[in-house]
């Protein structure tokens, strides 16, 4: 079965990163078209298309853009390419296929919100991708797609590339802004929201790479074509990253509302030989695990997964095999969040450390079966208490694992 | 004014008959006393009386007598100069001056620690208030001295009492007080506790 | 009204100016919301997550410090949910806190202790080893930092950035490894160090000067005015009355003058008040030998000297360290009643009077220059220029000099040198609080004065604002008098003597 | 003595004016220093304040906050091995053991490698993954890891 491809349409096209290839396939036509339209027209179009933020929260993109005060003279557009969520590698894939698609999307978005300056924030571990992106930006400047008076209009968009330095928290939009300001990547207190006061106190819109890369297609094909895919509340396509012990791990672009089981067992080729499915994490490390019984009929859209008690997040589907001890999984998760907590808010700073320490106790053989309940209690009180969602991200999977696999955890504490 | 009426024993005309009961009891008491007196006189039985002060008398460990300061293994006072004993003391007889210990691990220690024993009421609140088991009331009950100065016990005197009676030493094992909790501190814990100035 | 909002806080209607946060409103309405990182004098950080309140209709609990009060909002601080949040909020703060309260100077005035009693969970579930960090770090001439006690509320960092603008403190590393500190071994050396101790809600920052000196629950505090310079910061003096010892000074909130802060110099203004620095009793030089005498005798001899020499041969040398009330009594007696006309100011020969450090400290190191000036204007009938007039005084060759000595030693290092100038005068009566540096040839009598913390009254600060010394401690030395009392005593002796004479 | 070599100075200078505020340049400048000098030394942090006016507290805060900055002398080849969920499920620990034993084969102090477990490298489809300096290696397993390491000399 074939699907309309928006973001991965350059798959199987040789030399797809080059500007010439991109132009040959209608590249920068959308930007040219969009720049003749007014800001309101573009925002309305994106609103109508139902495009939602692909970074994890799923906030309607057009609505976000409309929050920028019309009177603001300096506005910034930031592209969140700090792909740090374990299990996620979709943005990397976009950069690998066609960085120009992202640049074009950013030109359109910048025009829509009135930003003259835009930044791409990329995590520093993507050494190759950073090089490709820099090359693409240079090409775009050379071809006149970036800079002043684009396409004969008076629109100006400057794009720069900013490289992170290894902090998961910079994937949070205000953490990213702090980092771009040259500070520690600590999320900022809200309100004020970035759309009012963000980078250097100016209105700032932060969008995920995947979101921005989808914009040119919407401009070219219209809102209705976008709405035709996916579900009513979650229209369009999404990149799903399937990883773990499956035969064909990788990125799959599928319309939202696609059945999860089909994704794992057909598109990704099913489990590796001799492995059975134990659980699935449907949306990156911060999404609660789902049991096989829960994914029987589960479809991949924001609403359905939320109803199942998890979240779509970044679309990182991690498959957990039957022989994976859940205590080990929990240990990796809590250690990850402990390592990445920025240390600003007390419940997160201390809570993640406490979770990690309790799990450490299992290794030291000082833990008791009651510690499973303690982990759950700590997680409950970390949730919804902090500036950003990292605390929640640590709490939610902990809660799910300590509830769904309580017996197994207790057994491993007793050493059986 | 309230008057409590106490019933009197009924009057008996025969005084001798009335007193008979008393006399019998007195005589049997005297009999016991005299028996023991003669038995001890003839060395048939060991006497319980101690010839104090020529012979020492000892009290149990729970007796609240003269104070002493307990020491760490390395011989320094355990006291961290937290002033909780001085705060709890109803007689306000404890005087502490705190200072910075040369070792940062201990941090705070008493430069001076004095008890004005004449003001002390031996209530033992200091012992209870102490978070580090640094002060105890010992078994010494004979508090005798001549000069006024000696009634104020200094830190050195309180901490160094090798001849403490009743078999009690002022050096206490580090974790003595906590053994009853049934949790033997690990070497790491002990290190971290010492690091915090606790013991 | 457009510029206020009214909302409900625990069933109480609260009206506050627009733009206020719920925390500010709660302070005004005297509703207690536990908090650590919020400080009225600093920006909002919102990181301790302790000031949780329940807002009707909100999805989750909100922090009061960053929640703007809006019209008709219904806020509760006492729902079970909020209480649970407080319990766990405190538990999170405490799990890596060393709990070394017995050796911590903050004990007794510590946010963690107070809130533990108020909203604590009591039964901790923390059984794991704590994260260990450096303790007792020397961070400056007046500061000790214990990074383990620190709860990373960032108040000190914000103080350094926003108030002193020195930015010497930072939070390094991340997560629960985060540590407050300066760069490398750098020390904080500005004049506002101890404010860091004050803003610190726990015992992470402690004052070197106060370190281990006293447990705070033994201290009494009285509201006074700092005598260190002409700014006139409102302060609280902490002392033990049973020992008659002064221990420390802390700023008191006064939005109009000093806000929430005071300088370190001001904190040293109590050292001279303690007994070992004080003139214990009146003294007189009799037959070339210094003797302790009853105050009445010293005052009487002064009165006699004035009587003998005549008011025109008497000079008053006045420093600007006394209260307006004292000047009034002093001039009333000596000038109005006795008829003395020679009145001279006594202050530093060289001073940069108009200098200002941009925060609080001013170059005029006298607390009551304006008050003295006003009093002298009344006596002299004209405004006198502010300058040191001791040389003028000596050049007029008076026979008797009554000197109101400067009180605070470190703002008057010139004191002893100046005193030497008085050597040739036949009767010099020093009215002084301090003992040191008064041992100068040519002084006839010494009268012990009360220190600023031992009297009430008021100063006029650099802009003429009234700064009230509200409460007084009993004097550290029993014999000390305020100028008012001394003058009264002198007048009383005079009356008795006159009466005796007429009999 | 100059803290920074001439070409590095010029690069730092251009970074300082590249963004809206000089402070924004702290992260890129630290990357530059790290590329030129292997690790960020205290003298660099102090030099940035002295020569370019960047607060040393701000620089140090950033340098300690982000995990990719090296504040200590390092080996010529730094292996960053992903030990997060997917890589762990695909056998990261076993490969890391293999790397450790490879490292142990060198005489002490002569080993050119350092090994560090890091959170997700964003290439979970190629798990287990590792970075050696700036080169990415996918699907590293116990069989091919020795050959990969052998190529670094």
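All chains are identified by letter, namely A, B, C and D, in their written order; residue positions are counted from 1 within each chain.
Everything that follows uses one rule, which is that a contact is a pair of C-beta atoms (placed from the backbone, for glycine too) under 8 Å apart; a residue touches a chain by one contact, two chains touch by 3 or more.
The structure displayed is predicted, hence computed values, not measured ones.
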Winner on C-beta contact pairs when A-D is weighed against C-D: A-D
Centre-of-Cα separation between chain D and chain A, whole angstrom: 24
Centre distance in Å when chain B and chain D are each reduced to the mean of their C-alpha atoms: 65
Inter-centroid spacing, chain D versus chain C (mean Cα positions, whole Å): 52
Chain centre separation (chain A, chain B; CA means) in Å: 70
Junction residues of chain B, two or more chains touched: none
Multi-chain contact sites of chain C, meaning residues that touch two or more partners: 129, 171, 173-174
Touching two or more other chains - residue numbers and ranges from chain A: 167, 184, 339-340, 342
Contact graph of the chains (line, ring, star, complete, other): other
Contacting chain pairs - touch in the sense defined above: A-C, A-D, B-C, C-D
Residue ranges of chain B in contact with chain C within the complex: 80-84, 87, 98-100, 104, 107-108, 131-132, 188-189, 192, 195-198
List of chain C residues in touch with chain A within their complex: 44-50, 52, 60-61, 66, 68, 84-85, 88-89, 91-93, 95-96, 125-129, 131, 151-152, 171, 173-178
Contact footprint of chain A on chain D as seen in their complex: 18-28, 30-31, 58, 61-62, 65-69, 80, 83-86, 88-90, 118-127, 131, 134-136
Touching residues (chain side chain C, partner chain B) in the complex: 98, 100-103, 107, 129-130, 132, 135-136, 211-213, 215, 217-218
List of chain C residues in touch with chain D within their complex: 167-174, 182-184
